[in-house]
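The first chain written gets the first letter, and so on, giving A, B and C; residue counts start at 1 in each chain.
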Amino acid sequence: MERQAEYEKTGYTEVGRGKAEYEKMQKKAERRNRIRKALTYTGLSIWALIVLFPFYWMLLTSVKSYGAYNAEHIPAFFTLSPTLQNYIDAFTQVPLVGYLLNTVIFAVLTTALMVVVSVLAAYAFARLQFRGRNLLFTLFLSMMMIPSELVVITNFVTATNLDLRNTFAGLVLPSVTSVFYIYLLKENFEQVPDELYRAAKVDGTSDLKYLRKVMVPICRPTIVTVTILKIIECWNSYVWPRLVTDDPAYYLVSNGIQEIRENGFGRENIPAMMAAVVVISVPLIILFLVFRRKIMEGVSRGGMKG
Amino acid sequence: MRACGGLCTGAENGVKKMKIVLQNLTKTFPGRGRKDRNDVTAVDDLSCEIPDGELIALLGPSGCGKSTTLNLLCGLEKPTSGRIFFGEDDITDLPPELRGVGMVFQNYALYPHMTVRQNILFPLENLKGKDRPSKEEMQTRAEETARLVQIEDLMDRKPKELSGGQQQRVAIARALVKMPRVLLLDEPLSNLDARLRLQTREEIRKIQKKTGITTVFVTHDQDEAMSISDRIAVMRLGELMQMGKPQEVYDNPANLFVAKFLGTPPINVFEGRVRDEQLYIGDEAVFSVKGTADQEVWAGVRPEGFILREDGPLSCELNRVEIMGRDISIIAGHKACMAQTIRAIIGADTGVNTAASQVRFALKAGKVFLFRKETEERIF
Amino acid sequence: MNANNKKAWLYLLPATLFLVFFLVYPLIDVFIYSVEEGYNFASQTYFGTGLYNFSYVLHDPYFLQAVKNTFILVIITVPVSTGLALLISVGLSSIKPLRELYQTVYFLPYVTNTLAVGLVFMILFQKTEYTDGLVNLMIGWFGGESVDFIDGPYWAKMFVLCFYTVWVVTPFKILVLTSALASVNQDYYRAARVDGTPRLRVFTRITLPMISPMIFYLVITGFIGAFKAYSDAVALFGTDLNAAGMNTIVGYVYDMLYGDSGGYPSYASAAAVILFAIVLTITCINLMVSRKRVEI
């Protein structure tokens, strides 16, 4: 009974706090809410600016003329006389087209091989019954832990010994393996109901045909995601291509841009260099904007860079 | 009294009137669809009064606006128009924490990384200034509340180590510990298995009686609502269809929807006609309806409203007979019946000739309702 | 059953071949290389086995510089990028309009070529005879001295490297944390609101514990990733990182293997094994700490 009286005093269960007081609190809360919103948007915009600014600067510099750029002692934030001359230089004075072409060939070959190899392996893990399946899968998974820095050394020696330096085979083959994508595909394959497999078996469908006609179409979204992620990876890969190629005819864009920087237009022609950077960056940005959702979903499912 | 400490502020203590009044409450959500940008009205002009200290069930099929109503009560949603009063206070514009409501969520929303004790203490630790009890006071209150819902032995476990029913009690304790003026429960039993559900609903009823807190709970299960609440409010498409004591609503449904929604097995609905104060189903005058004008009607007959009689006016084709111990279900066909078959329940002591192809029924007074054909409103 | 076995192996054959040849064999081989003394690349011969390679690497001032650089980079960028990502994703999940736009923008660095965009950072920070560069211009606005961040003092170079690394690694963390935050059951927040929980308390008592597994995941992978930093440094300072004094451990490995200072796979292997040991130790410590802290 005593306690009861006490609670009534505390006011929490109390009814009348007074309307005016409520309104005051209400207004204060609203004001604080608005300030918080404003701060949030300001903070987010600042980071957006930091992210976007290099892209803007790269575009801006790439359309400034060589003379104008070098005459600016204080960098200008815009230009009134944009020129495309730098792009012409980028395509004519350095083998940028060659770099791009090499990268496309490299990316397409590697990705295609990776998808075929991974789909086959994932299918075996997801659908086929065989002895030692779980053990082998665990082994595969543990290979995800192997840092690429460790294996690159021997691969370099192997490529040298097999005369694979400065060949596409040397570029592509060691880049094919991706345990993570096998894992991702296997998880996806396992979600396809067993009944479909049994139904196909009853109809006398072979495993390979079932894989091609049923599994792959059903799991197309994941396969597309994996493909895009691999293409991005290929486009940006630097270390292995640098080791295995020293002939500029086989350079990919990453090495190409280093080459351009060190021996290309001469160190001072920054606008032309930026034009090359734009050309290299744009394909991926377009790919990203088109497949934004897929890429972000795929990456957030645990894809680590590299 | 001692066992439940300060929480037992039941009726005998004469707590302040804490009725809840809803005035013309409306909530619309902006349309989400790409093509269909029309606003969705979740709650439509809802007015009612919930008496102090009662347990009220908001009942209705999914999408009827009962959960939205609960969210409006606790302040997680703001009404588009209309007012809400707790007692004499207009709390429509108050944020949840100033309303003094306790809420139990459908999946309990127990913080998984905290022990039961920490979960129960959490709301108290949020209090500020003069409302904030001392550390010991908090502990005592937490323990008292835990005793009230009988989880005092589980205080140092984590939620995942508890059964569904125990989690439910922790959730109730967490809602009660700050001594809310109003307790809100969102489908509190839907995550429990059938047996536990029966047990837990008794438990909720007991706790509510002990504390005397005005309690609103949302459910789609009419059995649950009928069995434990003081009053039920049946909702449909955001509108309040009827509110009253469970038996009243069952015996006097305001319209066809309420009649169909309450009762298991459900009410049997026939197409009928009223001529000269007689109800006709098919060509037979089956029931006398004094004071009803001639018109087309829906006639609803509760399953227990049939009397098996050789000379009964309603003749049906007998499909089968199910004997279920206490009583007998007769499943029969009639061409005026809206469903495929009608189901009549009669006492097990009545003899039924299961070989017959026809059965004849008379109808019990008080178990037959007539509804206007167009509006589905009750007319008898 | 037997036929099934054979078929399964057939499906697995290509993947297994690739993995064994380019992953398993090299892994074993690198440990062998690391203990072969005086290995000659051209003749593929060596004098004997021992730990001399390790001793050489550990006494090489370039390696010690690389270790120092890497550790500084790790200690600065991992907490900064994780904290920043946490701040940004909490901000992101509290707004509705423009949210997708922000998310898209924030993710851009992830899909761009590290080497290429690094050049942009270089020209932003670089001070040449012609111009002080944009960053120095901005420092000037606030009355500061101009600094050459690319060829200047050590701390300035380290600053750019850290800044660029954070710029590159934060998108992934923002993405992971944003989806972690989105997957927290909204009922917890609603329950907290009904109880009038202050915002800071909601963050520390509910949000943080709920997403702590993801934060620890990011910290662990962040450590691993930062220890392997290399291409960011190349992008900013060019391929001759030793000359710039900005080499990293991975950079040291590659330099030993290839290029002007290359041709020593044994030293490279020893350095790689040391790196592996460091990363393994740090990861184990991380896991031990996280096991204690993450309780869900």
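What we mean here is this: a contact is a pair of C-beta atoms (placed from the backbone, for glycine too) under 8 Å apart; a residue touches a chain by one contact, two chains touch by 3 or more.
All values reported here derive from a predicted model rather than from experimental measurement.
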By mean Cα position, the chain sitting nearest the middle: A
Pair with more cross-chain C-beta pairs in contact, given A-C and B-C: A-C
Centroid comparison with chain B (C-alpha atoms), farthest chain: C
Whole-Å gap separating chain A and chain B, where each centre is the average of the chain's CA atoms: 52
Computed distance of Cα centres, chain C from chain A, in Å: 15
Separation of mean Cα positions, chain C and chain B [Å, integer]: 57
Chain B: positions in contact with at least two other chains: 95, 98, 127, 178
Multi-chain contact residues (two or more partners), chain A: none
Chain B-facing residues of chain C, complex: 185, 187-188, 190-191, 193-198, 201, 205-206, 209-210, 295-296
Complex interface listing, chain A residues touching chain C: 37, 40-41, 43-44, 47-48, 50-52, 54-55, 57-58, 61, 70, 72-75, 116-118, 120-121, 123-125, 128-131, 133, 136, 140, 143, 146-147, 149-158, 173-174, 176-177, 179, 182, 207, 232, 235-236, 238-239, 242-243, 253-254, 257-258, 261-262, 268, 270, 273-274, 276-277, 280-281, 284-285, 287-289, 292, 295-296, 299-300, 304-306
Chain C to chain A touching residues, read off their complex: 1, 4-5, 7-9, 11-12, 14-16, 18-19, 22-27, 29-30, 33, 41, 84, 87-88, 91-92, 94-95, 98, 102-117, 119-121, 123-124, 130-134, 137, 167, 169, 171-172, 175-176, 178-179, 221, 224-225, 228, 230-231, 234, 238-239, 250, 253-254, 257-258, 265, 268-269, 272-273, 275-276, 279
Residues of chain A touching chain B in the complex: 1, 3-4, 6-7, 10-13, 15-17, 19, 22-23, 25-26, 29
Chain C-touching residues of chain B, taken from the complex the two chains share: 74-76, 95-98, 101-103, 105-107, 109, 111-114, 122-123, 125-128, 158, 174, 178
